[in-house]
Each structure stands twice: as C-alpha cells, then as structure tokens.
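In what follows, a single structure is set out as structure tokens and then discussed.
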Amino acid sequence: MTDGRVTAGVVGGSGFTGGELLRLLAGHPEFEVVQATSRSYERKTVGHVHPNLRSLDLRFTSPDDLESVDVLFTATPHGVSMERIDEFRDAAETVVDLSADFRLPEAAAYDEWYDGHVAPEYLDEAEYALPELNRENLPGADLIAAGGCNATATILALKPLADSGVVTASDRAVVDVKVGSSEGGAGGGAASSHAERSGVVRPYAPTEHRHQAEIDAYLGLSTAFTVHAVDMVRGASATCHTFPADAVTKGDLWGAYRDAYEDEPFVDLVAGGGDVYRYPEPKAVAGTNRAEVGFALDTDNARVVAFGAIDNVMKGSAGQAVHAANLAVGFEETAGLDQRGLHPVGTP
Amino acid sequence: MTDGRVTAGVVGGSGFTGGELLRLLAGHPEFEVVQATSRSYERKTVGHVHPNLRSLDLRFTSPDDLESVDVLFTATPHGVSMERIDEFRDAAETVVDLSADFRLPEAAAYDEWYDGHVAPEYLDEAEYALPELNRENLPGADLIAAGGCNATATILALKPLADSGVVTASDRAVVDVKVGSSEGGAGGGAASSHAERSGVVRPYAPTEHRHQAEIDAYLGLSTAFTVHAVDMVRGASATCHTFPADAVTKGDLWGAYRDAYEDEPFVDLVAGGGDVYRYPEPKAVAGTNRAEVGFALDTDNARVVAFGAIDNVMKGSAGQAVHAANLAVGFEETAGLDQRGLHPVGTP
Amino acid sequence: MTDGRVTAGVVGGSGFTGGELLRLLAGHPEFEVVQATSRSYERKTVGHVHPNLRSLDLRFTSPDDLESVDVLFTATPHGVSMERIDEFRDAAETVVDLSADFRLPEAAAYDEWYDGHVAPEYLDEAEYALPELNRENLPGADLIAAGGCNATATILALKPLADSGVVTASDRAVVDVKVGSSEGGAGGGAASSHAERSGVVRPYAPTEHRHQAEIDAYLGLSTAFTVHAVDMVRGASATCHTFPADAVTKGDLWGAYRDAYEDEPFVDLVAGGGDVYRYPEPKAVAGTNRAEVGFALDTDNARVVAFGAIDNVMKGSAGQAVHAANLAVGFEETAGLDQRGLHPVGTP
Amino acid sequence: MTDGRVTAGVVGGSGFTGGELLRLLAGHPEFEVVQATSRSYERKTVGHVHPNLRSLDLRFTSPDDLESVDVLFTATPHGVSMERIDEFRDAAETVVDLSADFRLPEAAAYDEWYDGHVAPEYLDEAEYALPELNRENLPGADLIAAGGCNATATILALKPLADSGVVTASDRAVVDVKVGSSEGGAGGGAASSHAERSGVVRPYAPTEHRHQAEIDAYLGLSTAFTVHAVDMVRGASATCHTFPADAVTKGDLWGAYRDAYEDEPFVDLVAGGGDVYRYPEPKAVAGTNRAEVGFALDTDNARVVAFGAIDNVMKGSAGQAVHAANLAVGFEETAGLDQRGLHPVGTP
C-alpha cells in the first residue's frame, strides 16, 4: 500500500480492456494505480492512446519490469498469462486475469477449446469471477479469472432458469449473441476496418465459440452457441431460446428472475415495460458495470426467450475484474463502479 | 399497353417499398410506369420524396383516381388492400400486393395473427410469391401476394433442409432474425428516431411475429421466431438453428443447398469460404434482388445453423414483387433485376 | 432546502436535455431533485422514458403544478420560458433556462432571429452562462440562460483568438459545425428517422442559424456560420477558419490558448499530438462536461483553423446549466460534473 | 479487341477502387475485362475479396505479367504508376491512372506536395480527367489521370462560380470537406478500425491536404482546404464558403449553375427544394457516378455557400475513370454508368 491506499498495476494497458481498467482505477476511491505497462507505447502517457485519460499523470512502462503491487490486473492476449503466471504472482498478492487462461476448471477443456495449457497446476486455485454466480468464492482469492464477455451476458440471462429448474441440461438452449467491434481488440486488421465492419450482421462464430465451454461448465446447462458481429462498438447481447420441459407461467418467470437478482447491485430486470426500451439492450448499459436481464414467454412454442445485455468492456471484462478485486480485497462491492448510462446514446 | 410496353401503376408510391418499385420499374426494359399515387404528396414529383428519382418526370396523383394499367403494384399499409381489392382488380389485369393481406392461405390465420380478413373470398385465388418456392404458380396469376421480408430470408435459409428431409416439422427450428430500420417504414415515430434507434440490438418482436405464420404455412416446418432491430437501414438476416433427428454431414448439406438453388438466378451459396465475407451478410446484397444463403454444421450439438440474408426492401419486397410480375406477365424472369451490390459499403 | 440539501426541479423532464439534467442531479453531491415535469408522461417513472434512470424513484408530474424549489431548471422548447417566466420565478430563487429565450442581450435580436420576445423586461437581468466566458457574472444570479450547444463549441474554439487579438471583428471567421441527431430533440419526425438520418452529411442550416447571433454578440467577432448534420447522436464539433491580419506563429497560438484555458477545469487543449486522436473530437468527450479545444496553422493560406468539440447534451446544455447553477448557488464549480469519457466508443 | 469488344485490364484489383472498376467493367456494354491483378490474392477469384463480384468468373493474376489490352486501368497506391509507367504504356493503347501520379501539370508541384516525380516527362502528355471540366481533351488521349475524389467534389461545387466570375482567385474560398472511411483504402490500421473510426468527426487533414494543389491548378481559384473524417463508408461532401467581391442574387447563382451543368449527364442541381433532401448529400448518390451540386446565399455575410456531393469510389475515382475511358475510346459517354442511387439508404 502507498499512503494507506491499495496499489494496483495493469499489464497490457494500451489495449481496450487495459484502458478501461485504468479509467476505473483512476476513479476508484480505494485503489492507486502505480504502473501501466505497454511494450508499444513505453514512456508515452496513457492519454496518448486513450483520449479519455489525458488528465492522468501516468506513463506506460515496459511489461518486463513489474513493480510490486497489492493487486495486479493482467489484460494480455490469451496465452500470455499462463506463460508468465509465476512472475505475475511474485509481483502481487492478488492477480486478476482478464484473459481466458484460468477460466475453465479443467486442463482437458483447454486441450479441446484452446491450444492446451502450460500452467495447469494453477487451474484449481484460480477462482472464476462472475460475482452474481459465485460471489462467495472471491474474498481472499489470490488468483482470479474474470468471466468472458459473451459468457457473462449468457450466464446472467440463463442463471434464473437454471437455478429454478425451469431449464435443465437436458433442455438444450440456443444462444444467439450479438457483439460490438471492441471485442476484436485494439489491433485492427482488414475484417475489422471501418469500411468492412460497418453495418454488418456477420455470423463470425456460427459454431464452436470458446465461451460455450465456460457457460456450460459454470451453469450446468447444454447450450448451442452462435455469435454475430453487429454495428456497435461496445456491447454484448445474448438472446437465449429455451424450451422448458414443463409448462411455465409469466409469474413463475418473474419469481425466478427476482429470486436470482433482487439483491444484486448491478442487475436490472427489464421484461416488457416501457415504450421504447422494453427488453434488455446493450446501449442502455454502455460505459457501466450494469447488466440488463429479462425474458419473454412464447406460449405457442412452449419457449422462454431469456435476454442478457452488457457492455463487454465493462461488465464483460474490466468492470467485472474490478468488481472481483473489490470482493477479494474486502472493499465495498460497488466501489468505483457507480457509472450510469446515457440517454440518448448512439452506438457506444 | 402504351406503345407496345406493358403499363404499370404503383399505389402507395411515397413509402419505402413504393419508391423502390418506382426505381425498379424506371429501369425495367419492359414496364412503363404511368401512375404513382400518394395522398400526402399529390402533385409533387416523385423526386421530391425519393432523392434517387429526381431525374424521373413523374408526379404523384391521388390514390382515389386509379388509371387502368396492365399491372398494379399496391404498396399500402396492411389492411388497405383487403378493403380496396375490388377497385384494384378493376383497374388492372394483374395486381401484385406487397402487404400481408393476401399472403396466408386461410382466413382463420388472419383471425389469429391479424385483425381478421374482410375479403376472404380472394385468399384462394391469391398466389403467394416467393419464386424460389413456387415459381410454377405465378405465370398468368392475376392476384399475387409478394412474400414478407423476414419470411423470405427465413424460408430461403431453411427450404433446402425441408426439401431434403434433413429437418421436419417435428424438429423445432429456432429462427433469430436481425433487421434494419427500413422495415419500420417511412412514417417516423419516437422509437425509430435516429437518436433512439442508432446502435441498437433491440428485441422488438421477441415472440409472436406475424411472419412466423407465413413461414410455417409454406415451409411445413415449426419455427420459434424472434426478431431483433440492429443498426442498419436495409437488410434482413435470418439465423436458423435446427437440430436434425438424424446425423448429417457437410457433404449432405452442400448437396441439399445445391439441389435447391443451383439453377436459381438470384441465390448465392456462401458457406465458409472467403476471408472477411464467409457467411451470408445482408450488406453484401443491399440494393439488389439477390439472396445469400448458407449453413454451418455444429457436430458437437448435432445442430445445423442455416443463414439467409437479403435486402428487405428488394428481395424482401419490391424486388420480389417485380420478379413475380415478370413471371406473371411472361417476361424474362430477371428483367430489371440485375443490380449488383457494392463493396465496400456501410449500412445501406 | 430539504434536510440541508439544495432542492431542484426540472421542467420538461422527458426530453433529452431534461433527462440529462436528471442524470446529473441524481449524481450531484449537493442537489436533491424534488420534481420533474412532463405532460405526456405524467405519473410515469422517469425510467419509463430514460432507461438509464430506471433506478431513480421519481415520477413525472404535471408542468402546471410547480413545487417551490431552490433552483428550477427549465428545459422546454424555445418560446415556452418567455411565456411562463413569472411563474418560474415565483417557484424558485434561481431559474436556469436551457432554451434560447433569454440568451441574447437585446430584444431587437429576437425580432431578427426569432419571432420576437414577449418578456423583454427580463433580458437585462438574465445572465448568459458560458462560464469560461463570464464566470464572474454567475454567483448569485437569479435568472440564467445557459449557452447554446453550437455557440458553445464555437465560442470556446475562437475565444483565445479573440482575447489575444489574433482575430478581430474585421477578420471574418467561417464556422462549419457538425452535429449529432440529439440536437433535434426527442420528438421524431421523418427527417430525423433512422432510415433518413443515418450516414448523412446534410447541410441542415447552410446559412442563418440562430446561434450565429449568440456567437457574434458575446465574442465580438463576425462569423459566417453553417451547420451540417452528421451520423452521431451526441456531439457538436466546430471548425473555425480564421484569417488573421497579422502573421502568427504556432508559439503565439499555444500562448493564446494556454492563457485562455490553463486554469479551466473542463477544457483540454488538443492540437496535433497523439496517434489517432490528434485534434478535438466530440466522441472523446461524449457523456462529459468537457470541451476539447485546439488549432492548426496553415501558413500557406495565412489561416488559423480553430476547433471546438463538445457533447451538445452536456457541455452544450445540461452540463453547462449545472455548472452555472453550481456557480450561482456557491457550490464547488465542478460538483456533479466529473464524468470521464469512454475509449473506445462509437457514436455516443 | 476480343470478339469485337474492347479489352480492359485492372492493375490493383483487390483494392476498393480496383474492385469498383471491376464492378463497372463487368456491367459495361462495350468493355471486356481480361485481367485483374493482385499480388496478395494471386489465383484467388475476385469474389474472394469482393463479395459483390462472386458471380464473375475471373481470378487475380500477378501484377508482374501484364497482358496486352486496349485500355489499362491502374489503381495502385500513389508512386507506383510513375515507376511503372513505361511498362503500363507498353501493355495498352490507353492508360487510365487512378492515382495522383499524373494529375498535376508541373513537376514542381510534385516536389512541393508529394515526394517529387520520377517520370516528369509524361506530365505534359497526361490529360487530367474531370469531364465536366475538360471533356474536350479526352477523346484519343493515351494517358489519363482521373481526378481525385475530394478535388472532384470541390471543383464541381465551385466551377460555376469560377466560370461566371462570381468568385475569382483574389476571393479566397474556404473548403470544408467531409469524407467516408473508404478513402483510407482497404489496408486497415488502428486509426481506421471500426472501434476507433465509428462516430467520428475527426479533422484528419486540417491543412495541407494534397488535393488543394489539384483544385487550385485546374480551377484557377485560391482555396483554404480542410478535410474531416465522418461516419460513412462511401462519400465526399465539399462545403465551399465563398465571399464574392460583388453582390450576387439567387437568380444569378441559378443562372451560373444552370449554365455550367444543364447539359451534363451526371450532375444534379439541388438547392433548397424538397422536404428532407434539400441540399447535396453524398448518401443520395452512393454507388453511382452522379454528383449533386448546389448553393445557398447568405446575404447577411455576402457569402455564397457552394456544395458538392459525390461517391468518392465512383464519381471520385472508378466511375470518373470509366467515364474518361468512354470518352477516350469513343463510346457513349454514359456507357456502363447508369447506376441509380437508393432510397432509403444508410451510410453506403
């Protein structure tokens, strides 16, 4: 700690989620950021890359020289954290990793969905962080794997149905996710250029998206998962088509969703009220750590459509990581995460 | 006929589909437009409303004074055509209606999905027009109901699976459609204002969308249908999640899709090739009468994901109507419909 | 006051600027909102209209029954405040009007640019509020006219050139402003529908925009003003082409801009650094009360191009109003206005 | 020629303007495309890169093996054509270059605005092609330099004022251009990624844009030129603020614009009529070779605001090149260029 505040570092500070961590930590009442690393922008100010951080007096340093901090947030591409985990652990009491490297419970899953795992001995110790799912595991955790963006939107939509037994692993759920371009990261590339990416409805992962593993592992359901790119920058919206074996009423559903979320500080239920904004929409929560969750009942088809909408950079990544760190360190759960959305707003 | 050309009239010429009919007919080698009606813009040039038609020497006339034409295209809000059908029939040998008023085969379906039908005696006579489905019914037809936009995208995606028996009525298909703002028509309203509508992923018809009736009636399948508004102007994209009872291979699927479409002049198969454009996308066909159709096989989930992408104003409405009229009157099927898409293009 | 807090009311709470006032006041450390009026949505919750305010426990009331408050913010269409000003003054010690009704110093100007003025006796008393221009007039003011959005972007861009004498009234400035769709308000209408308004570069006020009067009156310059609509929701960007009579260097310009703004809490100078964000851009300040201001020197043409970028709903309206109210009442100037922008962000 | 048709080749066929040339030539009644080159995509079909060209039976070949053709279109980055000009001339009777390499009349201008010229001996011979400006020079030309996109929009807007003497070189014109992302080419890069480029109003060339040289050289005016990036893919819109020395009336202006353009096949005058589309807008001409040109008179400021709107990929590049080739070879001027715009349309 420095002057009584808890110190934090960010590895991978020039990327989109790294920049978002810096935004959140700069406004956090308890954390003090002492390091942000970037190999490409070493010695540049963070505002050079992130125009919203121009007022911060902080320069990127090399990722090779990590300072000791209380909490280290690692926002590196998948595969880096598992390579450098010992180093990260040496540098901090608590490591919060934003990549997929420690999300899945079993090394075997990494063989199936990724390119295998080089530090499987840490998988047991790592706590998956989606606080609405497993808040109780996070206090005191020293290695935390923040949940993935598309998985978070989906899990939040389906959890009330799973908890209440309305849907079980034998009722396959079809999950159709729509995401913004920030999910592709800051790197660029032809497919993500403005000219090619504008106005799309593009099935970019029609099958075999890796987040399916995370959803099925933690929710105990069986999902058929598809991801489309659409024209927004921030946002992930999961539409989950489920077919409960037993008949269900709107009242049952309201009960299930209220049971799941009535005490949750970051979840709003949105299911049919309002004039324009009647169901969850990602633009309503852009820039915030909030999730909108809701449902519609299709009696003709004995179908329940469950919706979850988040900002993938926030609740789907940096916000979730700070939320988890708050719980791990013992801060107020919502500290630094009280941003409110905008209205009107375009495609944040 | 006038000077050997076939005459056409457009009722409802100031709306989006009416304007598109005028664009198509103005460039058509066989048709001559002799009337376009608009109550709001009577006596104004069509270019006053449609900036792309400024070069046309044509003024809107009252919809109360219909001229006699060979083919009358009626692009009015749902409910108008069934009220005025006798008048329309008197004015033209062939009526091509772009509304839903004569699409469903049974009056009972109108009681369930719409507000009942006031001219059910014409339902038998009316030919549903989705030429890839029932081209053979159209030559000589005198009342044609052009297929709906979302139904067209869905039917084209699923038809090869239905025809080949890969999917049957007992295998429920989940259809998740994404549409542009032109589907809302030219009228405006708070929900469709740019400030509210930009950047959305909005579940605007999570259940009970009327096009489900059309799809199930003509395809003989059982679909669970959901429509989302996304940020584009033109375009409808159907993603259809199906679970065939029997195992199926990629080869089987290529066979089914080729059988269905290899001779179709307006359908392109797109299923995994290419770098950026690997699956059907509405922006690739914007402004054209073409449909992109494709599929992905998810062996883990025994799922076939079928895609259909169209321009809702063209293949989903005005283009389909002209295609049907070409067939009805005996013109070359593709006459006036050879528009090619653009690359790059934003959100047409 | 209620429990030691200062009470506030918002007349016109369902519009875009009214909703933004409610967002700001809800997060303000000193104000307590006791009333928000809306004729159309009387008795509905504010969250019914503004999805970002769902957590607020506040319902719209009739605008005919104003409660007594310390500060009344009036966010009504132009012309309403001048009609109801006596009533507004009776209801509150301080009235902050967000319309144009009290912005201009002379009744004659209303005859020229608007439809005349029905309460010209208040024009002397009213203080124009653009704190960077006239902060000293605001403490204790009881009728405040918050500066207009396009005028604010332009005045902030040009003020350093005017103050330093680089540009004078005899050097005509060409001002080319680009604005988002939120400037059109929440009302809708065909021209502002998503289908018509998307992707535009539309010269919507090529000449005679009313804000020119405000700019010339308060800056003492002579501007030729043009406004274009472009595809964003929030944002106003002013590009001001000036031709100083005397040669000027980059150093002179840096000096002029630093002199003007180095102590300003809400202004950032952005003039050529950075990789992607090199000059002022509205999207970098969306959702905040900040302004980006900068310049480029064109020595070939003896031209100085000055830039100002703001969020029209915030620094151009509701944020400016709260800023002025903070100064009027004696709060910390930045209270409730410390929102930070997002990166990445689309078209907020 | 092949079978009586005139043969054409495209060097640089995988870029945006190269692809647009292929689209136009594929639909051209007189040209036959016999070669399209691309080093990166050698042996791939053109549809692999350009989804709108999937039906073409044409594969990219190496740019090192040029076939002999009647007309060779070269759509390479600036600097390539001047290096390879002898080779290009050997391969074809007529070379139409779409780069800036032969646009300026003097080698000295290349020293000032570019990196010098390596084949200045061709500058005299090369004909600048902006047919509305110098149609008479093009028949029989063997080296043609198609005018630049931003220059074309500006020249078309200002030409009537220059021709009629309303504005002269001593009346400086301020030109504020707004452009879409396709101007950046197909290459990608961080600044042009969708996440960074969406929703921008970005002063990307506040001063010293190279097209200023082209405008001043061919129009004989003196312009102060600034280019902004805005959120569209195709489109360039020039707003030109001019201050005529002598008073001018609306009638004078209508006269000047009609004199300039009444016989032009690709120019529409748009100056204040209509409801929504009252002045030139790029989205109204997207995908076409048309230009919208118009003006507004600001009597208070003795200002004439002139507007020009084009599709930068078409009238600003590939369309202009085909137009010039039609004139050079002796075809009907409008052959293959009769595309009509769309309504509604988003940001094409």
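First chain written, first letter: the chains are A, B, C and D, and each begins at residue 1.
Everything that follows uses one rule, which is that a residue touches a chain if its C-beta (ideal position, glycine included) is under 8 Å from a C-beta of that chain, and two chains touch if they have at least 3 such contacts.
Here's who's who by UniProt: A, B, C, D = N-acetyl-gamma-glutamyl-phosphate reductase.
All figures in this text were calculated on a predicted structure; none of them were measured in a lab.
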item: Furthest chain, CA centroid comparison against chain A; value: D
item: Winner on C-beta contact pairs when B-C is weighed against B-D; value: B-D
item: Separation of mean Cα positions, chain D and chain C [Å, integer]; value: 38
item: Chain centre separation (chain B, chain C; CA means) in Å; value: 45
item: Averaged-CA centre spacing for the pair chain D and chain B, given as whole angstrom; value: 35
item: Where chain C touches two or more other chains, by residue; value: 16, 180-182, 186, 190, 195, 198-199, 231-233, 275, 281, 344-348
item: Of all residues in chain B, those that touch chain A in their complex; value: 172, 174, 176, 178, 190-191, 195-196, 198-203, 206-208, 222, 224, 226, 228, 230-232, 235, 237, 239, 241, 243, 275-276, 278-283, 296-298, 300-301, 303, 305, 307, 309, 344-348
item: Residues of chain D defined as touching chain B within the complex; value: 16, 19-20, 23, 26-27, 47-55, 180-182, 186, 232-234, 268, 270, 273-275, 277, 281, 284, 286-287, 313, 338, 340-348
item: Contact set on chain C toward chain B in their complex; value: 16, 180-182, 184, 186-190, 192-195, 197-199, 231, 233, 346-347
